[in-house]
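This is the structure I want to talk about, given as C-alpha cells.
Labels run A, B, C and D following the written order; every chain starts at residue 1.
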Amino acid sequence: MSKVRRIGVLTGGGDAPGLNAVIRAVVKSSYNYGIECLGLENSFDGLLETNRHTVLTPRNVTGILRVGGTILGTVNRGNPFLKPIDTSDGPKDYAERCMEMFHKLQIDGIVVIGGDGTLSIAHEFNKKGMPIIGVPKTIDNDIVGTTNCFGFDTAVAFATDAIDRLHTTAQAHQRVMVVEVMGRYAGWIALYSGVAGGADVIMVPEIPYDIDIVAQRIKERDSFGAKFSIVVVAEGAVPRGGKVSLVKAADGGYVERLGGVGHRVAAELEKLTGKETRTVVLGHLQRGGSPTSFDRMLATRFGAMAVELLVKGESDRMVAFHPPEIGSIPLADVGGKMRLVPADGDVVRTAKSLGISFGDE
Amino acid sequence: MSKVRRIGVLTGGGDAPGLNAVIRAVVKSSYNYGIECLGLENSFDGLLETNRHTVLTPRNVTGILRVGGTILGTVNRGNPFLKPIDTSDGPKDYAERCMEMFHKLQIDGIVVIGGDGTLSIAHEFNKKGMPIIGVPKTIDNDIVGTTNCFGFDTAVAFATDAIDRLHTTAQAHQRVMVVEVMGRYAGWIALYSGVAGGADVIMVPEIPYDIDIVAQRIKERDSFGAKFSIVVVAEGAVPRGGKVSLVKAADGGYVERLGGVGHRVAAELEKLTGKETRTVVLGHLQRGGSPTSFDRMLATRFGAMAVELLVKGESDRMVAFHPPEIGSIPLADVGGKMRLVPADGDVVRTAKSLGISFGDE
Amino acid sequence: MSKVRRIGVLTGGGDAPGLNAVIRAVVKSSYNYGIECLGLENSFDGLLETNRHTVLTPRNVTGILRVGGTILGTVNRGNPFLKPIDTSDGPKDYAERCMEMFHKLQIDGIVVIGGDGTLSIAHEFNKKGMPIIGVPKTIDNDIVGTTNCFGFDTAVAFATDAIDRLHTTAQAHQRVMVVEVMGRYAGWIALYSGVAGGADVIMVPEIPYDIDIVAQRIKERDSFGAKFSIVVVAEGAVPRGGKVSLVKAADGGYVERLGGVGHRVAAELEKLTGKETRTVVLGHLQRGGSPTSFDRMLATRFGAMAVELLVKGESDRMVAFHPPEIGSIPLADVGGKMRLVPADGDVVRTAKSLGISFGDE
Amino acid sequence: MSKVRRIGVLTGGGDAPGLNAVIRAVVKSSYNYGIECLGLENSFDGLLETNRHTVLTPRNVTGILRVGGTILGTVNRGNPFLKPIDTSDGPKDYAERCMEMFHKLQIDGIVVIGGDGTLSIAHEFNKKGMPIIGVPKTIDNDIVGTTNCFGFDTAVAFATDAIDRLHTTAQAHQRVMVVEVMGRYAGWIALYSGVAGGADVIMVPEIPYDIDIVAQRIKERDSFGAKFSIVVVAEGAVPRGGKVSLVKAADGGYVERLGGVGHRVAAELEKLTGKETRTVVLGHLQRGGSPTSFDRMLATRFGAMAVELLVKGESDRMVAFHPPEIGSIPLADVGGKMRLVPADGDVVRTAKSLGISFGDE
C-alpha cells in the first residue's frame, strides 16, 4: 500500500452527541501518524467548492470532546449522486465534481461519520475510487453490524432522566404520563430508557400494541394501589393491525407539530382508563448536550480506528463495536438494513419478567 | 398565647420540586420544639375523613429532601368552600366538615403549602378560626410578596439545560429552535432560562410580541453569520393586539395536546424566515426531579419559619423570601394577585442590552 | 428439577451504584414467577439470626431503581467460613449456622450480589448445598468473565464529569491537575475516565510509570502552548521498578488520610516541571449517587437473569455480560482472579494514538 | 460626562464559574451601546505589554456563557502596586506602566472582575484616574455589600450533589462521612450545602466547634437508629479555644496535600465514636464546571450593569446584588472586609431547629 499523507473527515445527517469526539480523535490520531487532516464542511458539500475545507490540528479540536453538535456542520444539498450540476464543462452530477475535488486535494482517504444514508453514499464513492472508512452515527442505534452507535447512550441517559422527573410528578398527581421518545423504526431508546427509568409500559415499533391491553395494565396497577403509570412510546410505535395515518410520513418535519403518537396514545388511554393523562415529547432534547462518558469513549475509539484502517490501506468498511473490541464490517453490508429490537430477545423478556407491558399480551 | 402541642401540614395544587423539603423541615423543626406533627393527605381532603392523617417524625422524612413530588399527595376534591356534602346531620359544606375534624384532632395550627388557590382557601379557613401559615409554592414564581417561590429555580435550571442541549443541535442544523416553557400569566421562567441559556428571543405574556419583529431578529442574525436562533416562549405569550384562540382556555388539560403557542410560533417563524424550525415543549419535565440546592435551602427555611410563626402564635400569614431574610406577609394580601415580569424592569433591560429581542421593538 | 418456591437475595462488600436496581429486578422478577423473595440483611449475616430477613414484594422496591446504596445493607461480621461461634449446641462456624437457617427458612436458592470476596464465599456455600447465583459487583470492573460490572459506568461518568470541571480551572490557572481515581489493582476507571475526559496523562497499575516521562509530556505540552495538563492516576498506580511504600496496604482505611499516590505524584511533578500542581482525590464520591441508565439496565438484566437461572435449577454460577447478551459462568472460575487492563490492548493503543501518555514511553 | 467609546475588561484572582458569563455580558452590552470592548489578558498584566489585549465582539464570546474558566486568563505577576519594573526611562512600578498603557489605548473605563484582592487594586487604580467598575467574584461568597457573588451557587450545587452521593454510601456502610468544602474564613458553602444536602453536622469558621459535642451528636444518632452521619466541614473551621497548627497558613498551596481539617476531624471522630469514618475533600471541583442558571443570570446582570455604570460616567464602584435589584456600592467600602456567617442569623437558627449540630452546643 502507498503511504497515507492526507485524509479528510466529514459529518453527515442528523446531529448526535459524540460527533465532535469522533472528529477530535480523527484529528489527533492522524496528527500522531504524521498525516495531515482536512475538515470538510457540511458533509460531501465540503468537496463541491474550493473553500469548504480546512487543515485541522490538535489545537483546532481543543475542548470539543465534551461539546455536542459538530464543528464541521451537516447541512448539505442532499445526495450528490442524485443532483445534476451545471459547470463550464457542461452538466455533471455532484458526485463527479466531488471526485474531482477529491483528486485535486490529493486526499488519500476520508473518514465519513454518518447514518444509514450517508454511509450508503460513502459506499458509492468507494466504488468510484474514493477510499472511505465509515463511522456509524445514529441516536436510534439501528445501524446493523455494531452493537452500539455513539449518541445512543446519551439519548437514553437523557430520556431516563426525563422519566425520573415525570415519576415524581405522576405520583403526586396520580396521573398517567406518556413519554414519546425517538425511534421511528427501531425501539431501542424506548426499550432502554423504559427499563432504566422504571416504566410500566413500553411501546416499540417492532411489537405492535393493543391499546386495550395497555389500558388494562394501567387499571391493574390502579387496583393494586399504584395510582400512577409511566408509558414510554417510541415515535414509530404502531397499533396491532396496521399503521395509523396520523403521523404523516411524507411530511416528516411536521410530525411533531400535528401531534404524534404520544398525544394520540395519551388521548386513547385517558378515555379507556378514566385517568388524567399527560404527554411529554422529548424530541430534539435527545440529540443535544454533552455526550456521556460511554459515548465519548466509543466515539473516540471509532475515530482512532477509522484512521488506523485508512493507514493500513483499508477502505469501504465501517468501524463497529464488537464488545469489548472495535472491529469493522464492509460498508456494503450496511445500507438498506436496519437493526431492530428482537421481540423475543432477552432485553424484552427481562422487561416482561419485571412486569413491564409491551401492549401485546 | 397558648402552647402549641400539635400541628398539621398539607400540600395543595400542582407538583413543584421542594414540596418534600418543606414537609421535612416542618416535621424536623416541630419535632425539635416538642410538637407533634400530623401529615394530612391530599390537601384539605386530609381533614375530611378520619383516616387521612399520620403522625410524622424525623424518621418518616428521612431521604425525602432530595426527592421531587410530595409524600402527602395533592389530588383532592377541590375547594372545600364550594362543595356541599351530605352527612347524617344533613348537608354541610366540606369546609364545615374540615373545621370539625380540625377541632376533633386538636390541632393548634396548620402549615399549608400551596399556590394562589390553596392559599386563598387557607385564608378562608383562618377566618373560621383555623390558624394557618401558608408556604408559597409555584413553579411560575408569580405569587406576590416574595421574591422567590421554591421550585422556580429548579424549573429554570432544567429549562436552561434544555436550551443548552438545543443550542448545539440548532447550530449543527442551522435551525430555529422554539422552546415552550411554563408561564401562563407570568414569564419568569422564560425570562430567566432565556437569559441563562443564551436565547436570542424571549416571548413572555407581559410583553405582547409582533411576530414580524421576531422574524426580523432571526433574519438579522442570519445575515450576521449566526445561522441558528433559539426562541424561548412562555406558554402564555400573546401577540400584540389580542389573544389568539388556538389555546383553548376552557379546556386547560388539552392545551398541550392541541398544540400550544410554541408550535404556532414555530409555524409562523418558518413561514416568515424560510428557515427550518423545530419546537420542543418542556411541559411537565419542569415540575419534576430533585430540587436544586437553592430550592432545597429556600424550602427548608420556609418550612422552619412556618413552624416558628405558629409557635409564636401567629396565623393567617404567608412566609416569604425577602433576601437575605425569611419574613412573612398577611395571607389576605396574596389572593387574586399576581407578580408579573415588569416590562421595563432591570432584568428585561439587561436582556435587551445583550441583544435579546422580546418581539416588541 | 424441583419447583422453586422461595429465594433469598443479599448484598455484600462495598457500595456500588446499581445494587438496589439488582435487588428490585430480583424481587419483581421472582414475584412474576410466583416465587416468594426474602431480603437478607447485611450479606450472609442475614442467615445468622432469626430476624434479619423480610419478605420483599414489588411494593417494597418502589422507587429504589434510581437510588444508590442498598436497602439490604452490607455491614457484616466477615467471612462466615473463618468465624467460630458459640451456640447452645457447642461451637460452630458461622457457615454451618447459615446452612441451618437456610434450611429452616426453606429457601430454594439465593441471589448473592457482591465482589470477588463475597462471590468466593458464595462458591463455598454452593459446595455445602446452598444453591447460589452470583451477581458481579465492583466499581473497579475487574471481575473476570464479564465485560462489565454494574457501578463501573456510573463511577466513570462521575470521574469524567470531575475531569471536565478541572479542565476549565486548570486552563484558567495554567496548572497541572492530578485526579486520583479508584482502582487499586486494575486501572479501568482511570483509563475510561481519562480518555472520556480528555486527560493528557493516565497512570494505571498495569503500566508502571516513569515520572520523568510524565514530566516530559507536561513540558512538551507547555512548549506547544497548552499551559495546563490533566493527569489521571489510579490509586494503585506504581512507578517502574517497584512498589512504593507510602500507601500502607495493611491499613486500607488510612490510605486516603496519609496521602496516597495522587498527592505524591503531584509533588513530584511540581518539582520536575516547575508548574503549579494541584490534586483532587475523588474517593467515595465514585461509589455513590444514582446509577447511570447504562448501569440500571445492566443491573436489571443481571437480577432478572439470576432469578431465571435459579428457576431453571442452575446454581454455583455468576451472571455475566457477554454483549449484547447476558450469560453466565461458573463461580469456580471467578475467585482469586482479576481482569486487568491489557497494556497493549486496543483502548490503551487508542489512547496513545491520541497523544495520551501512560508514563511508559 | 464625556462619551464612552472604548472600555476594557479583565479577570483576576481564582477561577469561579460565571467569569465567562460576565465577560460575555460586558462584550455584548458594550457592543449594543456602540462601545468597543478590549479584552485584557491575565488581570492587570494585560496593561503591561503591548500585545495582551484584543478587541472582543459578540462573535468572540459565542458559546462561552456555559463554559467555566475565563477566556481572558487570570495568571499574573501579582499586585502591580508592589512590583518595581525596569524600563528605558528608569524604574517604575507596574501600576505606573499600567496607567501609561491605559492612556495609550484610549480606554475610557475598565470592568474588573475579581475578588477582594483584585478589587482593592482596582480601587487604587481609580485613585490614579483609571475609571473602574468592579464585579465581585468569589466562590466563598464573603465579599461585603452584596448578598451573592456569582460562582457561589454553582459551588453549593456541586457540594450538595456530592453530599447526596455520600449519603447512600454512608448509609450502606453505616459510616461517618466527613466532607471538606471551601471556606477559609467564611462558612457559606458549608452552611448552604450542609442544609441543602441534609447534613447532620456543619462546622464553619465563624462558630468554633467542640469535637466532643460533634461526637456526641453522632452517637445520639446511632442510638436513635440512624447508623450513619454526614459532617460538612469548611476548610477554615477551628476548634473552640484556638487555631490548630496542622493547617500551615504560610504554605497555602500545600494545605490540601498535608491533610487539612477534614482528615483531622475524621480521625478525631473515629477515635471518639468508634465508628468507621471517611473523608472527601471537594477542593478544586468546586471551582470548575458550567455555572448554574442562577449564576449565569447573576453574572450576566453584573456584567450588563457594570457597562451601564461606565456609560453613566460612574467609577470606583462595585456592582452588587440587592435582590431583586442589581445595585452598586463604593469600591472603598469593599477592601479588607469580609462578609461572615452570622452565628445567630436565621439560616444557622433554621439549621439548628432541624437538628443540625454546629458543634457549639
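Operating definition for what follows: contacts are C-beta pairs under 8 Å (C-beta built on N, C-alpha and C of every residue); 3 or more make two chains touch, one makes a residue touch a chain.
Note that the structure is a prediction, hence the values are computed from the model and not measured.
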### Task
Return the chain whose centre of C-alpha atoms lies at maximal distance from the corresponding centre of chain D.
A
#### Entry: Rounded Å distance between chain A and chain C, as computed from the means of their C-alpha atoms
31
### Message
From the mean C-alpha coordinate of chain B to that of chain C, what's the distance rounded to whole Å?
### Response
41
### Task
Could you put a whole-Å number on the gap between the CA centroids of chain C and chain D?
36
### Summary
Touching at least 2 other chains, the residues of chain C are 161, 164, 167
#### Entry: Chains that touch, pairwise
A-B, A-C, B-D, C-D
### Task
Quick one: which bits of chain D touch chain B in the complex? Just the residue numbers, please.
25, 28-29, 31-33, 58-59, 62-63, 65-66, 147, 153, 156-157, 159-161, 164, 167, 192-193, 195-198, 225-226, 290, 292-294, 296-297, 300-301, 304-305, 307-308, 323-326, 346-347, 350, 353-355
### Message
Please output the residues of chain A touching chain B within their complex, sorted ascending.
### Response
14-15, 19, 67-70, 73-75, 158, 161-162, 164-169, 171-174, 177, 253, 256-259, 263, 266-267, 276, 278-281, 283-285, 287-289
